[in-house]
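Just so it is clear, A, B, C and D label the chains in written order, and each chain counts residues from 1 on its own.
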Amino acid sequence: MINIRAHLEQSVDANMLIDQQSQAIDTIKIGVIGYGYWGPNLVRSFAEIPGSEVIAVSDFKLDRLAKVRSRYPTIKLTTNSQDLLKDPRIDAIAIATPVSTHYDLALAALQAGKHVLVEKPMTVSSQQAMRLIDEAQKRNLVLMVDHTFVYTGAVRKMQELVTTKVLGDVYYYDSVRVNLGLFQHDVNVIWDLAVHDLSIMDYVLPSKPYAVSATGMSHVLNEPENIAYLTLFFENNLIAHIHVNWLAPVKVRRTLLGGSQKMVCYDDLEPSEKIKVYDKGITVNNSSENVYQMLVGYRTGDMWSPKLDMTEALKTEVLHFLHCIQSGNRPITDGEAGLRVVRILEATTQSIKQQGRLVELDLGKVAA
Amino acid sequence: MINIRAHLEQSVDANMLIDQQSQAIDTIKIGVIGYGYWGPNLVRSFAEIPGSEVIAVSDFKLDRLAKVRSRYPTIKLTTNSQDLLKDPRIDAIAIATPVSTHYDLALAALQAGKHVLVEKPMTVSSQQAMRLIDEAQKRNLVLMVDHTFVYTGAVRKMQELVTTKVLGDVYYYDSVRVNLGLFQHDVNVIWDLAVHDLSIMDYVLPSKPYAVSATGMSHVLNEPENIAYLTLFFENNLIAHIHVNWLAPVKVRRTLLGGSQKMVCYDDLEPSEKIKVYDKGITVNNSSENVYQMLVGYRTGDMWSPKLDMTEALKTEVLHFLHCIQSGNRPITDGEAGLRVVRILEATTQSIKQQGRLVELDLGKVAA
Amino acid sequence: MINIRAHLEQSVDANMLIDQQSQAIDTIKIGVIGYGYWGPNLVRSFAEIPGSEVIAVSDFKLDRLAKVRSRYPTIKLTTNSQDLLKDPRIDAIAIATPVSTHYDLALAALQAGKHVLVEKPMTVSSQQAMRLIDEAQKRNLVLMVDHTFVYTGAVRKMQELVTTKVLGDVYYYDSVRVNLGLFQHDVNVIWDLAVHDLSIMDYVLPSKPYAVSATGMSHVLNEPENIAYLTLFFENNLIAHIHVNWLAPVKVRRTLLGGSQKMVCYDDLEPSEKIKVYDKGITVNNSSENVYQMLVGYRTGDMWSPKLDMTEALKTEVLHFLHCIQSGNRPITDGEAGLRVVRILEATTQSIKQQGRLVELDLGKVAA
Amino acid sequence: MINIRAHLEQSVDANMLIDQQSQAIDTIKIGVIGYGYWGPNLVRSFAEIPGSEVIAVSDFKLDRLAKVRSRYPTIKLTTNSQDLLKDPRIDAIAIATPVSTHYDLALAALQAGKHVLVEKPMTVSSQQAMRLIDEAQKRNLVLMVDHTFVYTGAVRKMQELVTTKVLGDVYYYDSVRVNLGLFQHDVNVIWDLAVHDLSIMDYVLPSKPYAVSATGMSHVLNEPENIAYLTLFFENNLIAHIHVNWLAPVKVRRTLLGGSQKMVCYDDLEPSEKIKVYDKGITVNNSSENVYQMLVGYRTGDMWSPKLDMTEALKTEVLHFLHCIQSGNRPITDGEAGLRVVRILEATTQSIKQQGRLVELDLGKVAA
C-alpha cells in the first residue's frame, strides 16, 4: 500500500465485484430489543439472512451496545426501546429481554404496527398472553414466540415419528435438563429450563395435558426454586415428566419418548447422533389363561439413528418468521402455543407451592 | 486313566492335599428359600464363604431345583420350605421369594428359632414389618433386610462423603433408574426399582423424609404402574427424587447428590469410576446492596474419582450377616431400615393413586 | 427335616422328577488340561451343554484343583495331564495352558486319538502348528483353535456385512485394544492381545495379508514388549492396523472397519450396541475438468445398530466343536486358521526387533 | 426514530459513552493473508484483542473477501497479498494459506520487515524452514508457527505434569486423531492431522525422537494417503505413536500419555474434563527369587481431572505473539519448533513410501 493508487484500484475492484454478487432484494427491516444473552444470536441470524436487515438495536446497557457497534458498525443503537417502535422503517420487532418486560414491549410493538417475535416464556401470565394474541389478531400482525427447539432437526424428527405413527401410541415423554446453570432472580428453574420441554411437547405430542403435579426446592434464601420436578397428565395414559436443576455437577439434556411400537432417546449433547430410535418394547398377551404367567413379553430389535437436518434452529425459525410476515401464515409457535406453555407454567408454580397438589389445566380453549 | 491304579493314587493324593488346605471351622448353616432370580446369588455367596454352608434349598419349581443339583450336588433339595424350618442343623434362613410371601416365611423362620435374611422390600405392609421386628427382638434373633446396594463400595463412599461433611450441607438426592425391565404383576415399578434408592437414601442421607408426593402410570391394562416419579421432602431444604421406568429404551443408573461444598455423580454403569466428586457449587453473596445484581456466584474446580472397594456387595453383606449372628450386633440394614423403606413405599402407593397428593410419613418413631 | 421320613420322601420325589426331565443322550467326554484363567470357562461351558460331559481336569496347582472340586465334585482331578490322555473314556481334550506347552500337549493328545481344542495362540512357531495339522489330518481327528471372538454375534455380524458386500470394498481394519493388563513373561503383548484381532481379521476380511510392519517397546527390564503397533498390508489397498498396550490407564476395545459404501464401528465394551453401521463415506468425482477443484465428496446418512446374537461366544464355539466331532466337519477356526495367525505373530516379532522393517508373509500356501 | 432529532441525540449520546469506555492504546497492526478455513479465526482473534488491529486482509477469492466486508466493514481488502507487505502501517503478517505457499509469503513478509505468524506445517521442506529461521534471525523479527494446540489449557497441563515429574518417567505418547475429514490434494493425512500431535509432543515430551517408522494407504486414485500410522522412537524407551484417518465413521481425539508414576488420558472431545490423571501403574519387583513368579505388580488409585484454563487457545497464542513482538522474546512455538515438526513430516513421508522402513531423524542440531 506504498503504491496507494495500485492498492486503491485493486480494492475498488474487489469491492465492486463483491457488490455485483449481492442481489438487491426486498428485505424485512428488524429492530431487536435486548442484547444480553440471546439478543446477539437474534441479531446475527437476522443479519446473515438475505431477506432481512437489522436496522436498530436497543439495550439499556452501554457496554452491550458497544459490542454491537464493534461487530455491526452500521446498526443504529439506542438505550431507549421506544426509538425502535417509532422508526417507520422497522417492520418487525424481536424482543430478547427479561420475561417480566415481554408484555409491555410486545404490546407497544404491536400497537405500533410491528410484527413481533418474543422470547420464551411469552409472558409472566396467561392474562397477558391472551391480551397479546388479541392485539395481534385485531391488527393482523404476526405474533410468534421464540420456542427455538421446535425448529431443530431433532425435534422435527421426533414430531415426524409421532405424527407418522412410527412410535405407535405414545406412552410417555420424559426429560432431564440439568447443569450448573445461571441462577435467576425473577423466575424459577421451571420458567427458565422446563419451558424448553413444554414447548417441545406442545409441538411433538399428540394431545395436550389436562393437569400437572410439581415439586421443587430453593437452596438459596429468598431465591426461586433451583430444582424442580413436573409431572403432566394427558388422556389415554400418556404421561410426561420434566426434571430441571440449576445446581447439578454434570450437564444432561436427555429425553426419552416411549411408544407402543418404538422408543426414542434424544440426547441433545450428542454431536451428531442426537436421535436414536429403538425397536424395543413390550407385547401384551391377553389370551393367557393363567393369570400368574407372564403376560408381558419383550421385544428388542435394531437401533437406528436417522440423519437430521443440521441447519441452525434459529436460522430455520427466523426464516419461518419472515415467511409468515410475507405470506400472512400463522407461525408454528404462534401466540396460542406461547399461551399454552404459560398456562402450564402458572399451574406448575401453584402446584410447587402446595408440594405436588394436582392442578388442572384448561388448554382446550386455547388449543388450535 | 488306563493305568487305573496310578490314576487313583494320583487323585487320592491330590484330594488329600486339597483337604489339608481346607481348615475345619465352625460354620453357620444356611437354608435358602426361593431359587428364582436372586436365590442363586445367595446360594453362591453363602457357599463360597468359608464361614457358612448351605444345607438346603427349597423352591416349588423342580427345574430350578435341578439347577441347584447340577451345581451343588450335596445340597438337600425340597419343594416344601417347611422342611428347612424343621431342620435342626440350620441356623439361618435366607428368603428370596415374591414379596407377598416374605411375611409368612420370615415369621415362621423366626418362630422356628432361625436368624433371617429377607429380600427387599421386607414386606407388603408396615404392619407386617413391625410384627417381624417384634418377633426377632423377642427371640433375640438377627433380622436383616437384603438392601444390597448399601454394601457396595460406591454407596459406602457416598455415605462417607456425607458423614465427614465433605459435601457440606446436603441439598438433594436425585436418581434415575430406568431400563426395559421385567414387568411384575404383584408390585409396581416403585416397589421393584425405587426400593433400591430408598434403601440407599436411608443409609446415606443425614435425615429421614417427612412426606412424599408421587406420580405414575400403567401402560398395560390391569397391570401395576410401570413408570413412576417420587419426590421426598426432608427438613432443612433437602429434597430427593426418584425416577423409575420398566419401559425405557436405554439403561440408566445415575444418581446426583448435591451439597453446598461439593457434588457427586454416581453412575453405577461405569465399570470403575462409579463415583465422581465435583468441586462445583455456588457461593451466595448476601452483602450485595443491589438486589438486581447477581447474588449467586459459581465455583468450578477439579473433579476427583476416588478408588472404591470393589468387593462384591453380596459378599460383604453376607459376611456382615454372619458377623451379626456371631456377635449379636444389629445389622446396618436391620428390620427398622426395612420398615422405614416399606412405610415410604406404602405412602408412595397412596400418593400415586391421588396423582401426586402429599402424604406425610411418620418415620420418627422407627428411626434408629 | 426333623421329620426325616417326610423329608426323604419329599427329596426323593424331587430328585426323581428332576431325573425324569433330564434325557439320556450320547455325550462327548471331555478332559480339560489347565485350570488357570481360561480353563474354568471351558469346564463350565462343556459342563452346561447337554451334549458333553467333563470327565477329568488336570492342573499342576492343587489350589486350582480344589476349586474344581468345590464346584464339580464328580469330576476326576489330577496333577498329571498324562492321566487324561490315557483315560479311554475321554473323546476330546481341551488345552488351556501357557502357549509354550500347547505343542507337546496337543501332539500327545492327538497321538492318543483324542480330538483337540487348543487355546490361542495355537503354538509358539508355525513349524509346530504345521506338525499338529499333519497329525490331526493323518488321524482324522478334529483340531480346533479357540479363536473365541470369531464366535461372537458382533464378529459374525461384521463378517456378514463384508461377505454380503454391504460395506462395499473393504478399505481398512483398525483396532485399539488397550488396558492395564497382566504382564506376561513368556509372550509379548502382541501374542497376548493382538492375537484376538488377527483371528477376527482372518475370519472377517476378504483376503490375507502379504506383509507386516510392526513396532513396540518394553518398559520393564528383561520383559517382553508391553506396547506394540502392527500394520498389515493386503492386496487392493486394504490395510489393517492393531494397537495393543498392557499399560494403558483406560480400557479400549474399539475396531473401525472402513468400506467404500459403509463403515462399521465395533465397540466391544458397549453392553448392547456393539456394532454401529454408518452410512458415511466419500464419493470420488473423476470427471472433474479442474484438477484443483475438490474431487472427493462426502456422504453422511443414517446410522444403524443391528440386533446381535447375544449367545455367549464360548457356548457357540463349544457347540461347534462338538458338532465337528460328530459330523467330521472342519471347524471354522481350524488348524490352518491357527497357523495363519501364528505365522503373522512370528513375522511381527521379527519386524518389531528391526523397528518396523517390512516382513513378508507367505499365507497363500496355508490359506483354505 | 420518527423524532429524528431525539433519536440522533440518543444515539450520539450512546456512541459517545461507548467511545469514552474504549481506551486509546498503542496497537500492533496486523495483515492477514488467506481467509479460507483458518483465516477468519485469526482475523477475529486479532480484532477482539485490544492490543492489535487488523488493517487488511488478502485472499484471491472475492466471495471470501465479501464475508470479511460484511463482518468488518473497515478492514481493507485486496486480492493481492503484496499489498499487505507494502503497507507501511502493518507490523506483522499472519499467513493462513495452503502450505505450499507458506515459504514464499513468509520470506517476502520477513524481507518487508514484518513479523510473521505462519500456519502449521511451517513449510513443505526443512530447507525452506531453515531459510526462514535465518531470515528472521538476521532481521531480528519474530517468526512464530501457529501450533495452536500448544496454547490450550489441556496441553499446557500435560506439559506441567511431565515437567514437574508428576507422571514419573514418560513411557509413551499415543494419539488417535480420526474422523470423516476433508480430503486434501496437496498434502497427505500426516501433514494435515499428525502435525497437531507432532507439535504437542515437541512441547510436552522431555526429549526429541531419533527415528520414525510410518505406514499408510491411499484409497482414492492419485490422491495422497488418507490413513496413516506413525511410530517415533526416543532414547530411554520412550515411544510415541500417532494414528490419523480422514475416512473414519466416528470422530476420535484421544491421547494417552503413560508414565512410571501416573498416566493421563486426554480426550479433546470432552466438553470440560479433557484431562484425566490416573494413579495407575505397575510396580516391578526385582528381588523375586523365582523367575516364574509374577514380577510385575499393579497399582490402581484415584482418578483426578484437574480444572483447566478454558481460554480459547488462539487468543492465548495471539497474545503471546503480540507479547513477543513487544518484548523481543522468542515464541514458544518458534521457527525451530516448526522446523523440527517439518523434519519429522519429511522423514515420515519417506518411511511411508518404503512401508515402514526406519528413517533416522537429526533433530539434535535444531533442538533449542
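What we mean here is this: a residue touches a chain if its C-beta (ideal position, glycine included) is under 8 Å from a C-beta of that chain, and two chains touch if they have at least 3 such contacts.
Since the model is a prediction, treat every value here as computed from it, not as a measurement.
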Intersection of the contact lists for chain A and chain C: B, D
More contacts between chains, A-B or B-C: A-B
Distance from the mean Cα position of chain B to that of chain A, given in whole angstrom: 42
Where chain B and chain C are represented by their mean Cα positions, the distance between them in whole Å: 38
Residues of chain B engaged with two or more neighbouring chains: 300
Chain B residues touching chain D - in the complex, by the definition given at the top: 273, 279, 300-307
Of all residues in chain D, those that touch chain C in their complex: 171-172, 174, 176, 178, 180, 183, 185, 211, 213, 215-221, 223, 227, 229, 231, 233, 237, 239, 241, 243, 245, 247-250, 256, 258, 260, 263-265, 276, 278, 280-282, 284, 286, 291-292, 294-296, 298, 300, 351, 354-358
Touching residues on chain D, where the partner in the complex is chain A: 1-3, 6-7, 10-11, 13-15, 17-18, 21-22, 56, 62-63, 65-66, 69, 71, 73-74, 76-80, 83-84, 86-89, 251, 269, 271
